[in-house]
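Residue numbering begins at 1 within each chain, and the chains themselves are lettered A, B, C and D in the order written.
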Amino acid sequence: MIIIMNKACSDEQIAAVEGKVKAAGMQLNISRGIERTVLGLIGDELVVDKELIEILPGVEKVIRVMKPYKIVSRESQSENSIIDIKGIKLGGNQIQVIGGPCSVETPAQMDAAAQGVVAAGCKMLRGGAFKPRTSPYSFQGLGVEGLELMREAADKHGLPMVTELMDVRQLDYFLQYGVDVIQIGTRNMQNFDLLKEVGRLKVPVILKRGMSATIKEWLMSAEYIAAGGNHNIIFCERGVRSFETAYRNMLDVTAIPVLKRETHLPVIVDPSHAGGKAWMVPALTRAAVAAGADGLLIEMHPSPCDAWCDADQALNPQELKTLVNDVGAIAKVLGRELG
Amino acid sequence: MIIIMNKACSDEQIAAVEGKVKAAGMQLNISRGIERTVLGLIGDELVVDKELIEILPGVEKVIRVMKPYKIVSRESQSENSIIDIKGIKLGGNQIQVIGGPCSVETPAQMDAAAQGVVAAGCKMLRGGAFKPRTSPYSFQGLGVEGLELMREAADKHGLPMVTELMDVRQLDYFLQYGVDVIQIGTRNMQNFDLLKEVGRLKVPVILKRGMSATIKEWLMSAEYIAAGGNHNIIFCERGVRSFETAYRNMLDVTAIPVLKRETHLPVIVDPSHAGGKAWMVPALTRAAVAAGADGLLIEMHPSPCDAWCDADQALNPQELKTLVNDVGAIAKVLGRELG
Amino acid sequence: MIIIMNKACSDEQIAAVEGKVKAAGMQLNISRGIERTVLGLIGDELVVDKELIEILPGVEKVIRVMKPYKIVSRESQSENSIIDIKGIKLGGNQIQVIGGPCSVETPAQMDAAAQGVVAAGCKMLRGGAFKPRTSPYSFQGLGVEGLELMREAADKHGLPMVTELMDVRQLDYFLQYGVDVIQIGTRNMQNFDLLKEVGRLKVPVILKRGMSATIKEWLMSAEYIAAGGNHNIIFCERGVRSFETAYRNMLDVTAIPVLKRETHLPVIVDPSHAGGKAWMVPALTRAAVAAGADGLLIEMHPSPCDAWCDADQALNPQELKTLVNDVGAIAKVLGRELG
Amino acid sequence: MIIIMNKACSDEQIAAVEGKVKAAGMQLNISRGIERTVLGLIGDELVVDKELIEILPGVEKVIRVMKPYKIVSRESQSENSIIDIKGIKLGGNQIQVIGGPCSVETPAQMDAAAQGVVAAGCKMLRGGAFKPRTSPYSFQGLGVEGLELMREAADKHGLPMVTELMDVRQLDYFLQYGVDVIQIGTRNMQNFDLLKEVGRLKVPVILKRGMSATIKEWLMSAEYIAAGGNHNIIFCERGVRSFETAYRNMLDVTAIPVLKRETHLPVIVDPSHAGGKAWMVPALTRAAVAAGADGLLIEMHPSPCDAWCDADQALNPQELKTLVNDVGAIAKVLGRELG
């Protein structure tokens, strides 16, 4: 917080501001310039009401310097954070594509999926073991068994594995099977207790945007994780709720440049959940890369027609390969390269 | 389930759909129109994923005929469910008002709050011990100590207590302190593991609507609780996210008659979180009752200026009393009465 | 606009501000207090950019006093405006119900409609001669012939007539048939040329809210009409676009108290277009009145099943009568009465 | 059209529906399932209003099978429409960039703007003579004088001119000055009388999407123009209203592939009005092209700081040039080229 004093403020007035600030547990740095005296508040400005300072005599203006988010803000770190996932770099010049099925189904399916992921030139494997489903009567995922199947397929093909955590009680299994990237889903973006838990780990976290979360709320949720000590956070835009019914969610492509300006953390996009139809995925993927995304989370199933969930949004291995090729070409235009 | 085929679908494509449908144990009625061929699926459509059909070649659109929610649906039970909370009936002819502060702060504050609740003619006490806050740097609630303080105040004044559950690990404390109604907050409406846990209890559950949840998704979340065996579910409309910035959330008053038609369960309204300003609460409260709400969840603080959170949306005890009086008068117009 | 100068500002600095303000065609009132010198800008502050003053030496703070809307604002007139429609008062203590069909169809239909309106205790007749339809292939209204049929029915039953103006070229016919209240529809809320035209008349105007207009934009559209000299403006909330698909539009009941606070002009509600289904109308009507609406615009058709448009949202005459009765009873609770 | 009856509908109710349908000249196919009776309407469903069936007793839901738009639909013409604007082709393999200021201000400004447009490699000039402004107190555009200034600058630099039509009474001036492409703005997307007027011309029309218009409504508005005989229609996505406040409108990039599938007409994007800030324009422009847009409408001002309106969203000539270069490179990746 910066407090700009009047040109002719008195020492007594400065002392009064200092008193108020110290009472709130902070320090003041006094900088006497030629035109103005500027006071810099040292400490956590979020605990002081701006209005309580602004009314003091001699104060000209109070400007909050800090965004409500701190650790994750671009102000706190100007260069991009690059997150290391078993040697794969996310957030730098390379664009990473994470591919795989909606849900883990069988050993054969996961093996074929991992093979397709490698063949397409992707570097990480995704798949759901615990599935958030709107209906209690839908397939809820294989659970722990799914983690096991996925670990095997991932190891066999030398891929880090990415999967969704829905409940704190699943965390031990995630650690047991060495999940490489933990995904926090849309419906849990403001499950603050879950955020606090992953904040205690060092495992990279993909934080999906809530169904109708503002970018500011999203940054605050990341701050929950960061405040716990885990700074390996990856934002994932996956479309937001809107009035439009021609597709599932409205991909908010503008969120990409806004986030890149507000935070030093990487931003990836999930074009599959955004549109909800496989035929929309290539256009959305290309748009995401062109807008500056650092990576993609794309659903691919060895045989989409046989998928146990979200069958209509998965690409087949060949479609993924073609698309990754496009990603590489657009990356080049932007002076970047495929991971 | 109705399957609309493309204009130029082939007989082979129709046969493929038929094969898939029969494999799931159902029959197909084929109706060839001039513009389109329409297939009608005969059997329990809930066992087939719409997406699995939609992805098949030649299929243009798949439409479900049956509702996806069962236990909570009005079709499954035509008369209203009346939920008994320590002898207080919610969902019948009486309209119940639940009052109390945003968060539990001190014994004196809770005592004064409970006293104000009784004086206003309300029958239940609300208050937050575990608080979902957008910022990790905001007051997060007193936790277990809050439950204890609230229990004491509630017992002293003979009121059932209503408080929010945010995490499965808090559940033992909720049972220990005999929380009378468990509230599932907006951000947890689709925290399916939490829903399953409260589904195993018999304690009544207030299920708040998600920030941008459709009524159908909301009913499906209730179905998660009901499927576990707990049918004591109370819907709580609290405003949804919109483009309007003149207030916090847009109270969806239409959701009240729609829910009353779709489900036999009670519907209450939280006018405090909807508008976000105390001066809006009376108008919204009256509108909710007039639209058919079975109850209200209203924030009241003995001294709103000193509230530790959401100070600007709490009524004081006298304002609550005046408002409850209005509620009673409107209830009478509708042939109902204040609880 | 109020300009707060630094405590020790010089006469030269004050003179500089004065120069800038006068160059923009305004005057300055200088008030030298003990603590601060405060300059009050006299004239239209909206023509000066706040930022252009704020950067001047000696200026501490610039505060806009006026809302971007002026004539329609509650600041400009504290008491409610009461609009006189052939002796019927709208905006005062009485609540007025305007009833009638979606579209004018035949002499017999309009006669029966007007009769039903009178029988229900309503004081004004609505009906569409020019219809805004999403599809070019839908019935577009009877046009001028519709105005004539409506005039006859209205006169026979002693009712003022309310109908929608879609295009400036229809205005002569509206004047010829003496339309008593001109309705500007949702899709034309920001048809600024049309607003300017009705601003030149004295005929009362019902200004419906745009599909996704903010309350501020809506007030600005009213300001367009008022700026032309026509202050007989009635706001009509009719639901806004949302993500919810269970009904047509989301009735924004909170807009009622917000508008009553921001403007002195009357606010009515159209519950028929909001919900889109006849069975929702009673609940929404009651909610609107309870929230403080000054009137209602309700669709009623002598025989809803035979209506040429929006058949599913019209009440029949008996349903309207019953509902108007409820309106009267709720009005009484609020210390108001049916018009 | 498919009619789903209630679970307990009677034979009389089915007969009544059949009567209504036959009276409209169509046949009915009755399919009695276990859960529901489903009626299939045979014939041209567009001649029956969905609402007229939906209101009949026993009917639960009515579903249209056919698209409500015809001339503009991809079904009616499978190959892309290419629109010829003074020899410049829009809708084919080339991507066209239209550049220019928000509003026409002075001869010198328009000359500099046109020069910058040519220098950047764009082929068409945009600029507003009639401006839709939220406030009646804001600059409303130069009007007819603006058309004249723009015509001169456009002719001098050999560029077709694109400008917005707000009112039917301006049309003669548009024809007099030979406006090459008429823009229908966001606020007029459902100004049906204006659509009908431009439908009578042959001049190409850019139809901007309404603030919260669904893609279907947008296609229906185009159908209004097409039904009048003018098939030279260009869709322009410019962002829609959302809950997010970090930027002005949410660019709906998914609308591009959806429109390209639903209609044979070209689709362009206005990235300037979408984001509302100049720094967002490059990312949004690149995303639009990558998603398949056929062209762009970009605001450029010779000196953005001096712009009379929307100063903060205009690029300067050099920024436009750099951006157009990127557009060309991405176009190449997609097998297209800059126009």
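The working rule: a residue touches a chain if its C-beta (ideal position, glycine included) is under 8 Å from a C-beta of that chain, and two chains touch if they have at least 3 such contacts.
Bear in mind the structure is a predicted one, so any value in this text is a computation, not a measurement.
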| item | value |
| --- | --- |
| Of A-C and C-D, pair with higher C-beta contact tally | C-D |
| Greatest separation from subunit B - chain, by CA centre | D |
| Rounded Å distance, subunit C centre to subunit D centre (Cα mean) | 28 |
| Whole-Å separation of chain centres (CA-atom averages), subunit B against subunit D | 39 |
| Subunit A and subunit C: spacing of chain centres that average the CA atoms, whole Å | 43 |
| Shared-contact residues (touching 2 or more other chains) in subunit A | 212, 241-243, 245 |
| Parts of subunit A lying in touch with subunit D, wherever the complex brings them together | 212, 214-216, 239-240, 242-247, 250-258, 261, 274-275, 279-280, 283-284, 286-292, 326, 329-330, 333-334 |
| Complex contact set, residues of subunit C against subunit D | 44, 46-47, 68, 132-138, 166-169, 187-188, 190-194, 196, 210-213, 217, 220, 223-224, 227, 241, 278, 304-305, 307, 309-313 |
| Residues of subunit A touching subunit C in the complex | 6-9, 57-58, 60-61, 212, 241-243, 245 |
| Contacting residues of subunit B [partner subunit D, same complex] | 2, 4, 7, 29, 31, 33-36, 38, 40, 42-43, 45, 63, 65-66, 75, 212, 241-243, 245 |
